[in-house]
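Pasting the structures in now, so scroll down.
Across the two complexes that follow, chain A remains constant while its partner is chain B and subsequently chain C.
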Partner chain A sequence: MTSRNIVSKIIGLIIAIGFLTIILLPIVFVAATSLKIPLEIRTSGAIFPQGGITFENWVKAFRNVPLTKYLFNSTVVAISSTLITLLIAIPTIYTVVRFKTGGAVLPSLILGTYVMPPIVVTVPIFAIVKTLELQDKLVGLILIHSMMNIPLAFWLLDSYIRNIPVELEHAAWVDGYSKFDTLVKIVYPLIKPGVLSTGVVCLIMSWNEFLFALILTYSDASKTFPIGISQYIGEHGMQFGEMSAAALAGIIPIYILVFIFSKNLVEGLGRSGLKG
Partner chain B sequence: MASLELQKITKTFGKKIALEDVSFKCKEGEMFCLLGASGAGKSTTINIISGIIPPDSGKILIGEKDFSGAFPQDRNIATAFENYALYPHMTVRENLLFPLNSPVRKKESSKAEKEERVKNVAEMLGIAELLERLPQELSGGQKQRVALGRTLVRRPNIFLLDEPISHLDAKLRHRMRSELKRIQKEFGITTLYSTPDQLEALSMADTIAVIKEGKIQQIGTPDDVYYKPCNIYVAQFLGDPPMNLFAVDYQGSYAIVDCDSPYKLPISEKDQKMLNEKMGSCQLIIGVRPRDIKFVNPDDPKALIKGVIKIVETLGQTTIVNVQVESESIKVKTYTETVPAVGSVVGMMYDLDNFYYFDRNTSLLIQ
Partner chain C sequence: MKNKLEQISPRIMAIPAWVFLIFFSIVPLIYVVSSSLTNSTLAQPFKDFIWFNNYKQAILDENFGRSLLNTFLFAFVVTSLETLLGFLLAYAVRGIRGLSTLLRSIALLPMFTPPVAVSMIWKLIYDPNSGLMNHYLMQWGITKGLIAFLGDSKLAFPSIMFADIWQWTPFCFILCYAALQALPKAPFEAAEVDGASGWTVFKRLTLPLVLPQVIVVFLFKLLISLKVFDLVYMLTFGGPGNITQVASFYIYRVAFKQFNTGYAAALSFLMLLIITIIATLVIKGREFFMRRSE
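Moving on to the complex of A and B:
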């Protein structure tokens, strides 16, 4: 290895460590806070616990707020909405790419809905959900999250479908398969890495979604984890310790998920041109 | 097994006319070659027959039955694609089983029968030991065999082979040419074969259709299209190197070649009689195949014209010589040992009985 190589590697490493510190510091801070004695949180500005470690915040976080229920709700909503998103997005993007369904209008319309800030449609969406009597129900939130994620999935899957040589599909038709069978037997297995990474992204989006969860759910039976976090702001001020413990409890599952699919995810996002 | 007939098929892509009034018939069990340069409409024709793209107008009859609007999966046609189109996520065995397990054929045979068929086809094509491999682990020749195997396992009514061997190396291509012909005769299945290679067409086909810019130029046996090309395009397309063409003014017993310093070409008596009867005007194009020109001593009275040897391409036993005559270049195919040195002046003698005459306005053969 030449000395130039070593220098460029060291510079790269320093930049990477710098970035990681910026990104990880808040999480380390949250983790440390969750282990501090409540009194210390209010008095000391230090990042790491000075007066010893305690799990008191963790116990209280789960006892004072039905956090387990919220995490369960979030899991149901995230998984269901992701499955619905993929079930709708895969055939849609396939027909749009291959058979030009909807011409040039449909794809731009779908992407247009993604560009729009969600807050713009809160009132009409609330009205629709209310008319359908789906407010404060998990089903309502699942449908809204699916609707929000379809444009994203559509966009992410596009390049995967385009990368399949069209002759493979033609060969399958001639071999005796209908267009739908071809999608299932040939196209789906070939875009599976893309479907997996798209699924993980949709799952994260739904898990973290706050705005619609806030307007559409009000009872413990349907509240999700991000709304749960806000419950630690009470009459007697903010429960920083408990809130930190709850936040960590909520992001750990996502971190595990991303870790399991990390290879797929990096590959998938890299290919779709969506980075960062 | 069935016959295949196309009636007045027309297809346009936007403003571009891909096929115009294409009609032909492949008889049962015949090897029918669609010969044309790239972009002539060969793949479009094949895709229309297999139902992948719909024609704008016209009919497709398979075994006398109209299949024009049928779905690809209902036509019982097997296609081997130019780029093989092997399913990358399936092993060779799964690729071969795929057409047999399709919804339309699932119940035709038992699992054991299907495995047996795959085994037989794999053995016949010499790919039996590759069955558990994935397509990316195969060489070009092996992929081509698997693609062919996938069409063979299912006993279709018609085979469509879209330039099946054009991506193989020369040696393998030569071997596959005879092998394809043997397989086709063994199965006796009507086959439509597209190729840009005239040698492939001439050596394999029972019938050749020459296609240019979406229009069929001529349909006939290999001998027909080679010896009686209907127009200048076909005459030039078949034969390597292509036929030499001379624009001439016909004057009775001879023709004057239209170039910077005109010279006379004698016309045989038989041809004079034919021309006097059939030709529309005296403006003709005479075609002479490179192998019908012989070198003689420039002072020999039999020498019709003189020229200077410019380029010599030796192809083993035979050689292609480019001779400069005034501003024109004439190609001559001759035996290597008789080739004069580059730069030397030669006389050339034409075989007058093998002249082709074309009308200069219509470019059609006069015969």
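Moving on to the complex of A and C:
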């Protein structure tokens, strides 16, 4: 260990702590604001509460808007759409990677859809959903979110399937497994970590999605969390305390999920982000 | 019978994907192209066929031109800064293994925070009365009066960019960190034996080896940034005036606030065309850099 190494380690440590602070500061500030007395919020931007702590904002956030309903809707939409996405994406990516189904056309069409800004298809999607009489219904949003996430799932799962030695599958075929059985019994168990991190990412993307939910839901019965809380902005002046509490109510479940799967997610992102 | 089914089973597995493509991109695109030639409104789709009038209008539409420019400006500025910062941070902390695992878990948080919530967080931070920014800028004597960051025509756009940089730099950091870790060890050990200085190792070894991957990160995030909508909708609603209006937001406004869906379809098609050209270049670029990194 040379002195140069020690110096660079100390500098790295300082930078790491600075980086950590910048990431966490806005989140801590919002959390602190949600516990401040409303009068203090209107007059001071100090990070930590000066005039004591109150849960008033949290109580109000859950009482004044149907926050529980929004969170429930988001949960239903996120879980259902993720399951549909995985159910479609796993066989597709398997058959595209292993059997070159659809040649170069199918994968590039799917990934092309990922590049397309969602605003481009909002008008037709709005029309299609309306024709199917699914507007302002959770089912409509579930279908749209599951489709929206297919390219993402495709892209995230790709490297996992590619890494499986093809000999394993050949052996299964020799043993009389059908191609579909091979996928379910041999391939799926091997790519499970990838499916897990992909599922978590799709779940969060659906939970966070704003534009489609904005145009497809308009009553409290079907609004998701992002649409529900977006009303805090603009309508009747800023209720920052309540708004902070409401925002955190939707952030916290995501953060718990991210922490549980953080190892998977870091690995999955590193793999796909650099290779795919 | 069973054999035949087994033979075509790969194609059967792809059927759901084709259904997805038909409903989510092929039919919608046909819809966009055909309604762009009409005077459609949200209530009356495919009203009056008017040939290319919408496109003529779009080319002369100053708001659209500016919103496209804003989109590119936004995407280019934030992506450059995020990639640069992400790389420098990853390089700086690469030596401290234990802490960097924790750091990467925490770094996952901003990118997975709902964009609506990110907007609210920054709306609060920028607020003249309740926000942390004005409070500490004044307390530390950097500024004298209160600043309405999001209401100021010069500061509004940079303020939105700053929020995006907070959200996505950690993402670039995680990817750059992974790229640095994947570098081969041997050349670095050899350099150490030769007693090369830190700067020389960085300039001659690290940078050339890792640059292709960093460029891949840049291009990937660039494509995400071109879709920007949520932050603008929530933080400024395109304002003050039209200063922060980006293409996605302008199209949204035309389609769902002015109900002019025919015109919005023409704008959408033009935007898609431009982004497809960029994406094709980007994909070709990625392939080029990935081949170099192998």
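The definition used in the following text is that the second predicted complex is superposed on the first by the 267 of 276 C-alpha atoms of A that agree within 3 Å, B and C clash if a C-alpha of one lies under 4 Å from a C-alpha of the other, contacts with A are read in each partner's own complex, and residues count from 1 in each chain.
The definition used in the following text is that contacts are C-beta pairs under 8 Å (C-beta built on N, C-alpha and C of every residue); 3 or more make two chains touch, one makes a residue touch a chain.
From a predicted model like this one, the values you see are computed outputs, not experimental measurements.
Trainee: Aligned on chain A, chain B and chain C: do they clash or fit?
Mentor: Verdict on chain A: chain B and chain C fit.
Trainee: So in the superposed three-chain picture, is A:Gly176 touching just chain B, just chain C, both, or none of them (first/second/both/neither)?
Mentor: In the superposition, A:Gly176 contacts chain B only.
Trainee: Going by the touch definition up top, name the partner, chain B or chain C, that contacts more of chain A.
Mentor: More residues of chain A are touched by C.
Trainee: On the A-aligned overlay, A:Ile119 touches which partner chain: chain B = first, chain C = second, or both, or neither?
Mentor: Only chain C is touched by A:Ile119; chain B is not.
Trainee: Have a look at where A:Leu190 lands relative to chain B and chain C in the superposition and call it first, second, both or neither.
Mentor: In the superposed model, A:Leu190 contacts chain B only, not chain C.
Trainee: Anyone got the angle at chain A's C-alpha centre between chain B and chain C, nearest 10 degrees?
Mentor: Spelled out: centre of chain A as vertex, angle of 90 degrees.
Trainee: Look at A:Val97 in the shared chain and tell me whether it touches chain B only, chain C only, both, or neither; answer first, second, both or neither.
Mentor: Neither partner.
Trainee: Once the structures are superposed on A, label A:Ala31 by its partner contacts, choosing first (chain B), second (chain C), both or neither.
Mentor: Neither chain B nor chain C is touched by A:Ala31.
Trainee: Look at A:Glu167 in the shared chain and tell me whether it touches chain B only, chain C only, both, or neither; answer first, second, both or neither.
Mentor: In the superposition, A:Glu167 touches chain B alone.
Trainee: With both complexes overlaid on chain A, what's the closest CA-to-CA approach of chain B to chain C, in Å?
Mentor: 6
Trainee: Taking the two structures together, which residues of chain A meet both chain B and chain C?
Mentor: Shared contact residues on chain A (touching chain B in one complex, chain C in the other): 178.
Trainee: Can you list the residues on chain A that touch chain C in the complex?
Mentor: 4-5, 8-9, 11-13, 15-16, 19-20, 22-27, 29-30, 33, 41-47, 87-89, 91-92, 94-96, 98-99, 101-102, 106, 109-110, 112-113, 115-128, 147-148, 150, 178-180, 183, 204, 207-208, 210-211, 215, 225-226, 229-230, 232-234, 238, 240, 243-244, 247-248, 250-251, 254-255, 258-259, 262-263, 265-266, 269-271, 273-275
Trainee: Please name which positions on chain B make contact with chain A in the complex.
Mentor: Listed in rising order, the residues are 47, 50-52, 71-73, 75, 77-79, 81-83, 85, 87-89, 98-99, 102-105, 150, 154.
Trainee: Residue numbers of chain A touching chain B in their complex, please.
Mentor: Checking each residue of chain A against chain B gives 165, 167-168, 170-178, 181, 185-186, 189-190.
Trainee: Which positions of chain C touch chain A when the two form their complex?
Mentor: Those in contact with chain A are residues 6, 9-11, 13-14, 16-18, 20-21, 23-25, 27-29, 31-32, 35, 42, 45, 89, 92-96, 99-100, 103-110, 112-117, 119-125, 127, 129-136, 166, 170-171, 173-175, 177-179, 182, 198, 213, 216-217, 220, 223, 226-227, 229-230, 233-234, 237, 247-248, 251-252, 255-256, 261, 264-265, 268-269, 271-272, 275-276, 279, 290.
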